[in-house]
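After this come two complexes, each holding subunit A, first together with subunit B and then together with subunit C.
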Partner chain A sequence: MIKLFSSRLLLALPNLLGVVILIFILTRMLPGDPAAYFAGPAATQKSIEEVRKQLGLDRSLPEQFLTYVQGLFSGDLGRSLTSGQSVLDDLVSRVPASLELTLLALALASGLGILLGVGASLRPGGGLDRLCSVVSILGQAVPTFFLGLLLVFVFYYKLGWAPAPLGRLDILYSTPDGPTGFWIVDTLVAGDLDTLSGVLRQLTLPVVTLAMFGIGPVARMTRASMIEVLNSDFIRTARAAGLPPSKVLWTYAFRSIAVPVLNTVGMVLSFLLGANVLVEKVFGWPGIGAYAIESVLASDFAPIQGFVLLMAFLYVAINLAIDLIALSLDPRVKFDG
Partner chain B sequence: MAEAALGLIRKIGNLPLGAAFSVVMFAVLVILAAIGPYVVPYDPLATVPASAMQPPSLTHWFGTDQLGRDIFSRTITATRIDLVTALSAVLISLVTGTTIGAVAGWSGRWLDAVSTRVFDTIMAFPLFALAVGIAAALGNSISSVIIATAIVNMPFFARQVRTEVNRRRSAGYVEAARLARIPAPKIVAFHIMPNLVPPLMVQSSLNMGWAILNAAGLSFIGLGIQPPDPEWGIMVADGAAYMFSGEWWVFLFPGLMLMLAVLTFTLLGDALRDWLDPRRAS
Partner chain C sequence: MNIQPERLVELNNLTIRFGANAQSGNATVDHVDFHLDKGEFVALVGESGSGKSLLAHALSGILSPAAEMKSDRFHFSGVDLSDPKSNKWHGIRGREIGVVFQNPRAALSPVRKVGKQIADVIAEHRFLRKQALKEAVLEALAAVRIPDPALRVDAYPHELSGGMCQRIMMAIALAGDPALLIADEATTGLDTTTQAAIVSLLRQQAEARHMACLFISHDLALAKDFAHRIIVMHAGQIVEEASVDRLFTSPRHPYSAALTKATPANAATVSELSGIPGGIPDLRRSVPACRFAGRCEFADTQCWTERPELAGPPDALVACWRPLS
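Moving on, here comes the complex of A and B:
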């Protein structure tokens, strides 16, 4: 297990190296003179030269790359021109907000997608099966931000069921002060159920918005693999042996489709992390996506670069975790791909 | 002529619902992109403060925005810029992705290894986040949005072409062409590639949908096309602020149009796939 874990980790390394190289290339694509850019708008010729030295831009590209990687290892992602803070600190303080949102949406999408897919597979062509195709077609076609705004309009403005889309918690509550930054966990640890309900209320609409886009792919994959498995011999044998249908379905059949379904969940994750940026803007969510948007509007490149890098790292890391779950569910899985 | 038109209508009517819808909507979108700006009732940029924020009515079908601009005219006019942006991106990724994929799949060895690595790396990013990074690095303009969208779409074409070319490299008809001393580029271009046209058509249509979403998403967060030019993503972003005072029509109509356009290309891709490969049709 540990051996497999480390070999899987090693396989992720080339991807991470590629990510770092690509980001390095991105920073060199900046229009104009990066030194003048990072020196800020009020810089003189002399201070620009200083920044150039400081950034090592007077040296050769491979040398620059090495310094860049060294900087990354010591956690140096540069400084934000707008907030004046180190980009790493900014990102670290915001990442729990984004992760809480994305991971909940991923869990909801996987749960609903699996239920819908299994339901559809039991009666192909039936009502659930049609719902399954409608959900997956709409999930591909509706723009994330548009769905978010529609939900806000209906559930906040018209019906008044949802709270205003203004961040993680209504100002009536005091901000949870816990160690994780995941406010659901923090309020639970503190036993503050009142604040927890406030946190959950704020989370509902953005999580549903984001999850809508993950349900389709998960449901389709579940449906397709389930139909195949349900027609296989060992299921026929299990049924013939008189096992209760729910046991046949969830214990026997479901375990053998867990791996392809989990792989689809990993793919959906990539999509949700990207769409997260738009959802954060719609719901005033103070996460890394909103941070990236602020920086885009201020033409502040160091934070954007940090954001893209962090996104890629999160994606690789969470995918690794999903692979390991797949491994623990199915001992036949070998990581050689 | 009339008979041919009737025949066409009957043919479309016999298609499955999704396919029929996508064919008709595709034609509508192309026509709107071509002549929309000339037939809309109002100038999409003309501000009329006196008639600001009017709800939909017979004079303004989709209502007016905070500057009194006619939303119907703006939504229709935006069709061209949204479709042209997405189409440019898809064409760039189709041409470059196909070329790289074909060269990699034919030659194998290190070229193949390098390009596979590069595309794997691109796919290791959440694609929209990468597009934000690329568009921001290139500078805030339409061409940056097009290039960013093209780069994140490229791996889909390159991977598909690479696999297919590689698979056919030792096929009988390719061996025959090689024995006939036909140069390799010619074999790839004229003997192998024609086989790939159908799957690439399907891929292009699906990618058009993604590209429209991607470009509209980028302009929604402020990258690319700038106001006051009418574009669906910006119009939705603009309208979002007025939703809280009950003026729903400002964000709703451009958003619906955007959704219809993406739906059209997604369904068209599905329909093309079913038509070109009936075995996969369910």
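Moving on, here comes the complex of A and C:
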């Protein structure tokens, strides 16, 4: 297992190297002169040249690349112009907010998607099957930011059931300061159920918004795989052996399609990380997505580079994790190398 | 003293239709009478598509919901099982009736250890847990002659040979200690030596446990070695039912006669082998009353218009207007 893990990790390295090179080239191709930005609006040609020299932008591209990579290794992602903070610190403080939102949405989407898909597969063409199609189509067709706004309009503005979409916690509560940054975990650890309920209330709408986007692919993959596997020989065996229907359905049928469903869940997680960017903006969520948008609007390049690199890392890590889980789920899955 | 053997299965006038054939009115299994005594070995033979497996599915309670089954009588050990959805099947399916399917590797879950698959069934029917369950699984593996049971319990089907998988299938079928074992083409797709081993294991287990056995095969030679009585099916109809000796020495239905002639064991050279002209009639179209009429050299108008009933002495029943003498 450890050998396999390290070999997969080695395979991931070229991917990351490619991303690093791509980000470097792309940022160098962006219009505008960073030196001019840094020097400020009142700068003269001379002071701009000085700043350029300070930033190392007067050197050759390979030289710059080397410095950039060296910086990456020492954890230096540059400095944000707008916040004045190091990009790494900004990202680290914001990642838990995004992950808490995304992972909850993923859990909801996977759970509902699997239940819906399994239900639909039991009676193709039946009521649940139709619901499954409707949810998939709507989830894919309606843009997430629009759905987010719609939910805010209905549940906050009209019905008043949901709290204002202004971040992770109402200002009435004191901010939890646990070690993880996942506020559900932190409040649970501290035993602060009152704050926990506040956290959950803020989470509900953005989580539902994101989850709606992910239910469709999971449900469709589950449905298609289940329909196929329910007609297979080994399900016939399990039925003929007199096993109870629930055991046949979950232990035999569903267990054997766990890998394609898991792969879809992994893909959905990647989608959600992308969709996150707009949903965070709609709900005033202080995560990395909102951070990236603000940076783009302010032409602040270092945070964008940091954000893209972080996303690339997350994608690679997710795929690695999915592969490893698949391996433990299905004995037939084998990796070469 | 004459002890009447006890009836285990009694099927009268069983008809199975599918939605697709409902229009043309042709049943996929047509007016089948079938009975089986306790401890009896019966073989059911016929070409592919003759309805053998469908009959087996009906008997083991796993008929597809798309199939529409009707019968005058469907009794197993005195229990009425004519409704495939009846909860009377609970406690019979897998417990009183075990099935060994063909293509054993596909018939086992690919992602569950074989020991676990056997354990699931034993736990369901014999209510064993933990240590007792573990021991019962090892016993079951030993009973079907799996070498090194302790080693094989943790294997997955893809790590075992076809013959080995078929033994696992048998362990699953035997897990409930059934009164009836159905072997549905259980040896198809295995090599000849493995076939012989599986058949002898089947016989030995069935005899040791006083089980009745329904052996379904298109291989006449295997059926001949195995059974006391042979039932020949053609296109969903039973055409002949006779003791093994009578069927092979003096078959009365032209189809049975043709089948025995087409069996390699009865021919010295390949050129002596004769095929059966035509194929199983397409049930989506209209078919003659005796469904063999279209392939039969003796057929006349009666064969096309009137369905022959199974008749004759108990060890030589035939459904034919022009039986061979």
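Please note the rule applied: the second predicted complex is superposed on the first by the 321 of 337 C-alpha atoms of A that agree within 3 Å, B and C clash if a C-alpha of one lies under 4 Å from a C-alpha of the other, contacts with A are read in each partner's own complex, and residues count from 1 in each chain.
The criterion applied here is as follows: contacts are C-beta pairs under 8 Å (C-beta built on N, C-alpha and C of every residue); 3 or more make two chains touch, one makes a residue touch a chain.
Given the structure is predicted, the values throughout are model-derived calculations rather than measurements.
J.: After the superposition on A, what does A:115 contact: first (subunit B), second (subunit C), both or neither?
T.: A:115: touches no partner chain.
J.: Applying the document's definition of touch, where does A:236 land relative to subunit B and subunit C: first, second, both, or neither?
T.: second
J.: On the A-aligned overlay, A:72 touches which partner chain: subunit B = first, subunit C = second, or both, or neither?
T.: After superposition on chain A, A:72 lies in contact with neither partner.
J.: Could you say whether A:329 touches subunit B, subunit C, both of them, or neither, answering first, second, both or neither?
T.: In the superposition, A:329 touches subunit C alone.
J.: Touching A:15 in the superposition: subunit B (first), subunit C (second), both, neither?
T.: first
J.: On the A-aligned overlay, A:296 touches which partner chain: subunit B = first, subunit C = second, or both, or neither?
T.: first
J.: Does subunit C touch more residues of subunit A than subunit B does, or is it the other way round?
T.: More residues of subunit A are touched by B.
J.: State the interface residues of subunit A toward subunit C in the complex, per the touch definition above.
T.: So the residues of subunit A touching subunit C come out as 232-234, 236-244, 247, 251-252, 255-256, 258, 329-332.
J.: Please name which positions on subunit B make contact with subunit A in the complex.
T.: Touching subunit A from subunit B are residues 18, 117-118, 120-134, 136-140, 209, 213, 216-217, 220-223, 233, 236-237, 240, 243-244, 246, 248, 251-252, 255, 258-259, 262-263, 266-267.
J.: Touching subunit A in the complex: which residues of subunit C?
T.: 60-62, 90-95, 98-99, 101, 103, 106-112, 120-121, 124-125, 156, 158, 169, 172-173, 175-176
J.: Using the touch rule from the top, collect the residues of subunit A that touch subunit B in their complex.
T.: Listed in rising order, the residues of subunit A that touch subunit B are 14-16, 18-19, 21-23, 26-27, 29-31, 137-138, 140-146, 149-150, 152-153, 157, 270-278, 281-282, 292-293, 295-297, 299, 301, 304-305, 307-308, 311-312, 315-316.
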